[in-house]
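Please read through the structure below; I'll follow up with questions.
Which chain is which? They are A, B, C, D, E and F, in the order written, and residues in each are numbered from 1.
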Amino acid sequence: MTGALPGVAPMAVPPGAFLVVGTLLFAIGLAGALLKRNALLIFLSIELMMNAVNLLFLTYARMRGDLAGQMIVFFVIAVAAAEAAVGLAIFVALFRAHRTVDVDKIALLKW
Amino acid sequence: MTGFLHVTGADLACVAPELVLAAFATLILLLDAFARRLRTFFPYVTLLALALANLAGRDTTGTFFGGAVESSGLSRFIELIALGAVALAVLGGAATLERDRRGQGEFYALLLFSATGLILMARGVDLLIVFLGLELMSLSLYVLAAWYRDVPAATEAALKYFLTGALASAFLLYGIATVYGRLGTTSLTRLQGLASGSARDPFDVLLKAGLLAIVAAFSFKIALVPFHGWAPDVYQGMTTPAVTFLSTAPKAGALIVLIRVLHALFPSGLPDPWRPLFGVLAVLSILFGNVVALSQRDLKRMLAYSGIAQMGYAAIAVATFTPEAFEGLFVFLAGYLVTNAAAFLTVAALSAGEKEPRSLGDLAGLGRRHPLAASVLTLSMLSLAGLPPTVGFIGKFLVFRAAVDSGLVWLALIGVLGSLVSVGYYLRVVYVLWMKEPVREVTLVPEDLLSGAAFLLTAALMLAWGVFPRALLELARGAAVTLTGR
Amino acid sequence: MPALNGQLVVFGFASFLALAFALLMVVQKTPVRSVLSLVVTFFGLSVLAILLAAPFIAALQIFVYAGAILVLFLFVIMLLNLKEEAADKDDRPVQRTLGLLVALALGGLLAGATLRAPVPPRGAPTGTPIPLPDEIPALGRLLFSDYLLAFEVLSLLLLVAAVGALLLSKRRFE
Amino acid sequence: MGTPLAFLPILLMMMGAVGVGLLLLGLNALIGRKVRTKRKLSPYESGMPLLDDSHKRISVKFFIVAMIFILFDVEAAFLYPWAVVFRQGGWPVFLEMLVFVFILLLGFAYLWKKGAFEWD
Amino acid sequence: MSPTLAVALEGAAKIAFVWGVVLGAVLPNLIWVERRMAGLIQDRPGPNRVGPFGLFQAIADILKMFMKEDVVPMYADRLLHTLAPLILLVPAMTTFAVIPFGSTIRLFGRDIPLVIADVNIGILYVFALTSVGIYGLVLAGWASNNKYALLGGLRSSAQVISYELAMGIAAISVFLAAGSLRLTKVVEYQASGTFLGFLPLWNCFPQALGCVIFVVSAFAETNRLPFDLPEAEAELVAGYHTEYSAFRFGMFFMAEYLNLIAASAMMATLYFGGWSLPLLHLTGLLGGLVSVAVFAAKTGFFIFLFVWVRWTLPRFRFDQLMNLGWKVFLPLSLLNLIWTGVLVLAKVI
Amino acid sequence: MNQLWLIPVLPLAGFLVNGLVALVASSSRAEKESGADQPGAPLPYAQRLFHGLVGVGSVGLATVLAFAAVVPYVLGSMHNAEGLAPVVQRVYTWMAAGDYSVDVAFRLDALSALMLSFVTFVGTLIHLYSVGYMQKEEGYGRYFSYLNLFMFAMLTLVLADNLPLLFVGWEGVGLCSYLLIGYYYDKDFAVAAGKKAFIANRVGDLGMVLGIFGVFALFGTADFSFVELAKRQVFAGGAPLGVYAVCLLLFLGACGKSAQGPLYVWLPDAMAGPTPVSALIHAATMVTAGVYLVARCSALFVLSPDALTLVAWIGAGTAIFAATIGLAQNDIKKVLAYSTVSQLGYMFLACGVGAFSAGIFHVFTHAFFKACLFLGSGSVIMSMHHEQDMRQMGGLAARIPQTFRTMLVTTLAIAGIFPLAGFFSKDAVLGATAASGHWALYAVGLLTAGLTAFYMFRLVSMTFFGKARGHAEHAHESPATMTVPLWILAALSVVAGFVGVPAALGGSDRIGRFLEASVAHPEIHEMSHGLEIGLMLLSLGVAVTGLAWAWRWYGKADGPAEAVSPQAHAFYEKTGALGRLVGNKWNVDEGIEALVLSPFRKIGTFLWRGFDALFIDGIANASAFLVELAGDLLRFFTTGHVRNYALTFALGIAVLIVYVWVR
């Protein structure tokens, strides 16, 4: 537990616990990204990774009693939204051209 | 309690190029929506935007917007790179797009947006700005990748670029979070000097891992092995005029960010685990890129692998991390811009169309049918191969020399070896272009004024910078001064 | 300190929810269910955010992530009529094993590094302290000072996303 | 006592609501009749027999609307912190937000003109 | 008593009170009122058999639903089919948490604000819940394995998100004026002065436009007529709940009414001074009770409005509805926002 | 002093004009023909005239300028006992980064003056010759533009004042060589030859580039002023080991360009190009660049005796090795090619024993007689309608008398017959070798001299004497644009040696003294004049023996085409496997396969050089093969599956984290 910083109440739960949860979520997201075959779900897993990072940001912000971490999360969420819009549009276009979003079946370009 | 930021004229002047670019991008979007008849003028409008943005760029130094962006020789450099890349993409791409009836305003707007993001990313001194700039750049590029959205290869390229790009973004964020958490800030200026000049990296493991995530994310944009997987597929499937941009400026931007971050943390040179790390990345990229490029038969794909190798040479400069290396790197990057852009421009002009593969064999005999484009492609191949007196030679020479100078002989050795191998496939293009009889009839994009200008411009720059590189060197020095202060 | 214990319980509950449903998301074969699992994970994350004195972010987590982004996912899944992942045997065992191993290894490495990292971290807090319990005005102030440029850039980002998404998804485009 | 505590009642309320919902469903399952026939269980098709996959691919319009929603939702999200500091910030902050909104409005105009809101 | 326990007990008491009132009193009566009024408007009697004036009709309806068979169609996703109504119901039941239903009262030596949770994100909580509700709609449609249901669900959700934006931006103007997202602060702000010297500082006056947008959007949000397209019988059978029966259907029904009540409460709070009345500043227990009554009256008015409108207006076509949301309300809400901003900066409000 | 930079720039201008005109013309032609009829038709006369005028004119003008610079310089040095200080003209700063800079600067000193004079002169002659030789070829303009570009590069190489600028020329000549070897691109062997030249040169370039960086690292500059630093043994960094390494690297570069050691393989194949190209690039000028480089850096080389010894041995080994192969070649140009390799070996031998000026002297004389020989062979080939096999020739002496006479003279010159040019320069080399006390090297050199005389006279005999075989009866003499250069070169082959008459013969070794200012001249044990004259007589004797033997076997040369000379045939039969091996160019081109199959494998160690060549060439081929194979295998890592890319990404990060953690 970090020492109490000015303006911040002590944390009831050790910050390390939050960090580990965040890291594990990050790893689970990565596992999803590597194991899923549906492009959408791969992207969904990556969204989970970003959320895990958001949790890290919030934890660090809390540890340091610094609001900047929350601000960054704010932006990350916004960026994730933009990314999702474009990404899903790509999947739609992809589906129209290939009739599938199974990434294992999409390998015209190789070698 | 912080007060509010009062935006001053200086702040606005600092981001004037971005403002101009974004404004024109939006203008083109609206024109496309409301005045579709003006479509034929969009390339010119884009060029006007670039010119104005260039004029708006200033040589002031300092940080602006409350320490979000900086203005310096370095940011001026990346500005020029970004603007130049867009200019070449537009000049060379307009005819192709016109032919395929794909010259919608969005293409130009997205290119401009991408350049805006790129400039912001490279001049951002807060990691958040860097991240946002990167995303602005990448999002535009994801869309441009699928510009021919009914072509399966194009959507596939977009898919691959997007998924891997998003993954890289996630890792970048992880890295930023860790840096923020361990060091307390995302501002590069505030990070400055947290590591004193010790020979070994003084940071804890977690921070190292975070830094590594950042390195990996930008290595992804640069396409260094093993973060390169996307590059060949994306280059091959992506719209060629857009690849002109993708393959040049973003790599330069990512390299600059990488150097900025590392320089903020290690102002007195790369400490132990990092220098060999970049050395390894460089060696892997050089060997892998060059060797695989040898066995490619698709032009754009070959250029992708060549690009991987070229960025390996650039990574040598990062590993070297001396002022001389930076100067060399900046020269190398500027040279790479015109050279690689020239290659892709001519590939676009010399191939049948976006829906067909660009096999090396199709180039046969084009030297006679399309001598201008063929000559430029030849020159570009020579420059990529690093043969004097082209600019490709100068950049590589300076980088390798700096590496030898700071004791990284092994890196220079690999670099030279790699570039020797590379001559094999570069000259093969020249050979096919001029010394082979055509195998099949290829319909070409008719030469127009703009692409002609692009060809001449790139050719002139490749040669002029190779023979009279002084202006370029001064630009590079100005950029390097930002980092090194001398 | 019962107050602290209370938080611990909530923390345990929320992180269990987040982790379990994240795993479920990966394991799940039906796309729709995967998305829903992630909604639950986000709910857990949002509870964790509240524990971390970031209720505004917690609300956004639901409001934007769950309420908008995942809905978009859901729409696309329905749009493309994606059902269960093909049940045929997985023909990429290398990807599967290596992927799992790499994810495990990376998770282990990062978690290990996290646990080994010295507390407290280097450097003193330099930014705006979190004012409890009303951080939204402080966020606003921060937004219009240090992050003003980022904020304006974001509008461009959203614009690009809109243009791009429409461009790629609209049925006819000329 | 920090902020988290203020949310405790909400947590309680949610747990309560879930409890009520499950209770209602459980009661229904206990009390309700259970007579299954094939006809009854088949999807509603205006009395016609089921011919094809009932999960038709739907119009991309929905995607476009949701996509635009996301973007403006994010914009709205940024309006909240703005709104609460508006009085302190005064004109500069007002203008800065106007720029933000203006850019998105340009995008809005673009989308409108390009037919994102047309439902044929 | 530890602070945690105190908060928990206090919260539990308030939850019990609110749910007691809403579920126990308002909801059944609302069903009755609605059906009676429909009858009135359409010049027919309406339910009048169960109990005096058919007052117990609602209870009978509910009981009937329990007795019905809970049919899950073939090929449907059983889990999601079960979850969907729950996803709708839970947010509908919990929206009330941040709405102040009265001023602060003093009981047992403690100041007890008459709101379940006075959190700083206030309205965002409501919107977050609303957006979760969308899942209920979409999933109900998807899980039913019925194309009408699916299309109905999608249409509902498209409609909800279309109006959510305008509604949210309209609401932001309110917070712009109040300077806080806390609904308690919003009410306090409206009770704190006058507008143009003679009107109460209720937001419905300076932000009349926003108020209209909010009210209409609230209609759309709750899928009420004239926005009840998802249930447009002719087109889509019964929309997303085509394949629902028994109490699962009942839960949709319940959620819709709860949302209606919550929306009315929100309108009262945001635009009509909430529990406050101009020129009336009572304190103590009495003041608290009066404030609850005032709040109830205002909310009741809006509930009445909902019901009234439902049976008088024709239905929109889907494209008209979407056009209204996107092409009219969204720009107008932004206009309202700017207008409010100017008013604030000009120190008019 | 005129502007030195004009000298290389003039041919560059020629290249640009010719190239542009050729491009524009060919594209318009391509449009007209639209690929229907054969594109190989010769150009109209006016266009040919234009190309010829521009090509020859630009080089001619450069020659005039060069002599305008060289002559005063040489005259000045005659009046000045110490020789003149080098003239360095800085045009502008080319590259500057950090605290070092590279200028575009041209240097005129004894070494470059000498090189400049014969490069421009021979170059002009060969341009002139080409006007006649190439007139029926397609791509006339292209040819001249390449040739002009070559001249530009070669002159840059010669005049450069620093290693990077020299490297510009170095790569330029390599590129032109590559382009011109592949000139007849519709022929497969030309393509293969280009490839081979390419690989060998790349290996050399590796050494060259690293050598340049090494010089930078050692001296902090790559201007040729580093030579002065080397003389004073001032090193910025690095130790004798560094010097050794840099010498080896530079020598590796020289080997690549000058076809020494195992890297010789490309030069014989390079004969696939047009004959004037062989004369200019692959005999007279470009291939001597390696010798020039070593001479240029002689001050560095003398600091490392080990390196010099290596140079000497590689030179000597190459000399005799190539000479033995030359014995059994039947292609007229191949004989000359192996002869070139052999003579280049001589030059390196001279450098290796410290007699740099002797080496350059041989470069100088060799340029004339070898150019003449090649041009003569070109004339023969043309008269024989592109027949290159000597077994199909014979009896041409009467039919193409001018060619015959010039070739005879130059053959005698290369054989080292007194008092022709070759005698003096070869003797300078052998004398220096003897003086250095390396008697084994001397023996090799001497034997090579004998072999040279043999195979050269064999060439003359088979071509010009004996019975006319094949189409030899219908041969016609070449036009004047071809014979005039022959005569000029032949004349020079006679007289060029007189600039270096040794003291023992009453001369003053002018060229040696002249070059003293530019190249290092380590201590050499002076030999008595008597011994010197004795050695001269010995070598002369060996040469005459060689000539005589060749005359004995091939002088009549009246056998059938399959066995022109019965005696030689019998000899080869007798020597069996050895003869076959020699006849088969030491099986070099069959690579490892031949190594396995050859019955000679058992006695492979007997011909250790041969084994070496087989082995090394095998490595060269195998490495090229392996690189391509690696490419073919590695490309499958790019599977096209995006998940694999994500996996590599994550795996990369994981591995790197482990790395930074462990470190």
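Operating definition for what follows: contacts are C-beta pairs under 8 Å (C-beta built on N, C-alpha and C of every residue); 3 or more make two chains touch, one makes a residue touch a chain.
Owing to the predicted nature of the structure, the values given are computational and were not obtained by experimental measurement.
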Path length in the contact graph (chain D to chain F, fewest steps): 2
Chain labels contacting chain A and also chain D: B, C
By number of C-beta contact pairs, the top two chains: A-C
Chain whose Cα centroid lies nearest the overall Cα centroid: B
Most widely separated chain from chain D, with each centre as the mean of CA atoms: F
Whole-Å separation of chain centres (CA-atom averages), chain C against chain E: 29
Rounded Å distance between chain A and chain C, as computed from the means of their C-alpha atoms: 4
Inter-chain centre distance, chain D versus chain E - centres from mean C-alpha coordinates, in Å: 15
Cα-centroid distance, chain A relative to chain E, in whole angstrom: 33
Multi-chain contact residues (two or more partners), chain C: 3, 6-7, 51, 53, 55-56, 60, 63-64, 67-69, 71-72, 75-76, 78-80, 92, 95, 99, 102-103, 106, 109-110, 113-114, 121, 125-128, 132-133, 135-139, 141-144, 146-148, 150, 154, 156-169, 173
Per-residue overlap in chain E, given as positions that touch at least 2 other chains: 3-4, 119-120, 124-125, 142, 150, 154, 161, 180-181
Multi-chain contact residues (two or more partners), chain B: 4, 7, 26, 29, 128, 132, 135, 139, 142-143, 146, 149, 158-160, 163, 167, 174, 181, 184-185, 205, 208-209, 232-233
Full enumeration of touching chain pairs: A-B, A-C, A-D, A-F, B-C, B-D, B-F, C-D, C-E, C-F, D-E
Complex interface listing, chain A residues touching chain C: 2-3, 5-9, 12-13, 15-21, 23-32, 34-38, 40-41, 44-45, 47-48, 51, 54-55, 58-59, 61-68, 70-71, 73-75, 77-86, 88-93, 95, 101-102, 104
Residue ranges of chain C in contact with chain A within the complex: 1, 3-8, 11, 15, 18-19, 22-23, 25-26, 31, 34-35, 38, 41-42, 45, 48-49, 51-54, 56-57, 60-61, 64-65, 68-69, 72-73, 76-77, 79-80, 82, 85-86, 91-92, 95-96, 99-100, 102-104, 106-108, 110-111, 114-115, 119-121, 125-132, 135, 138-139, 142-143, 146-147, 150, 154, 157-158, 160-162, 164-169
For the chain B and chain C complex, residues of the former touching the latter: 1-5, 7, 15, 22, 26, 29, 65-69, 104, 106, 109-110, 113, 116-117, 120, 126, 128-129, 132-133, 135-136, 139-140, 142-143, 146, 149, 158, 174, 181-185, 190, 194, 204-209
Touching residues on chain C, where the partner in the complex is chain E: 2-3, 6, 30, 32-33, 36, 39, 55-56, 58-60, 62-63, 66-68, 71, 74-75, 78, 133-137
List of chain D residues in touch with chain B within their complex: 85, 88-89, 92-93, 96, 103, 106-107, 109-110, 113-114
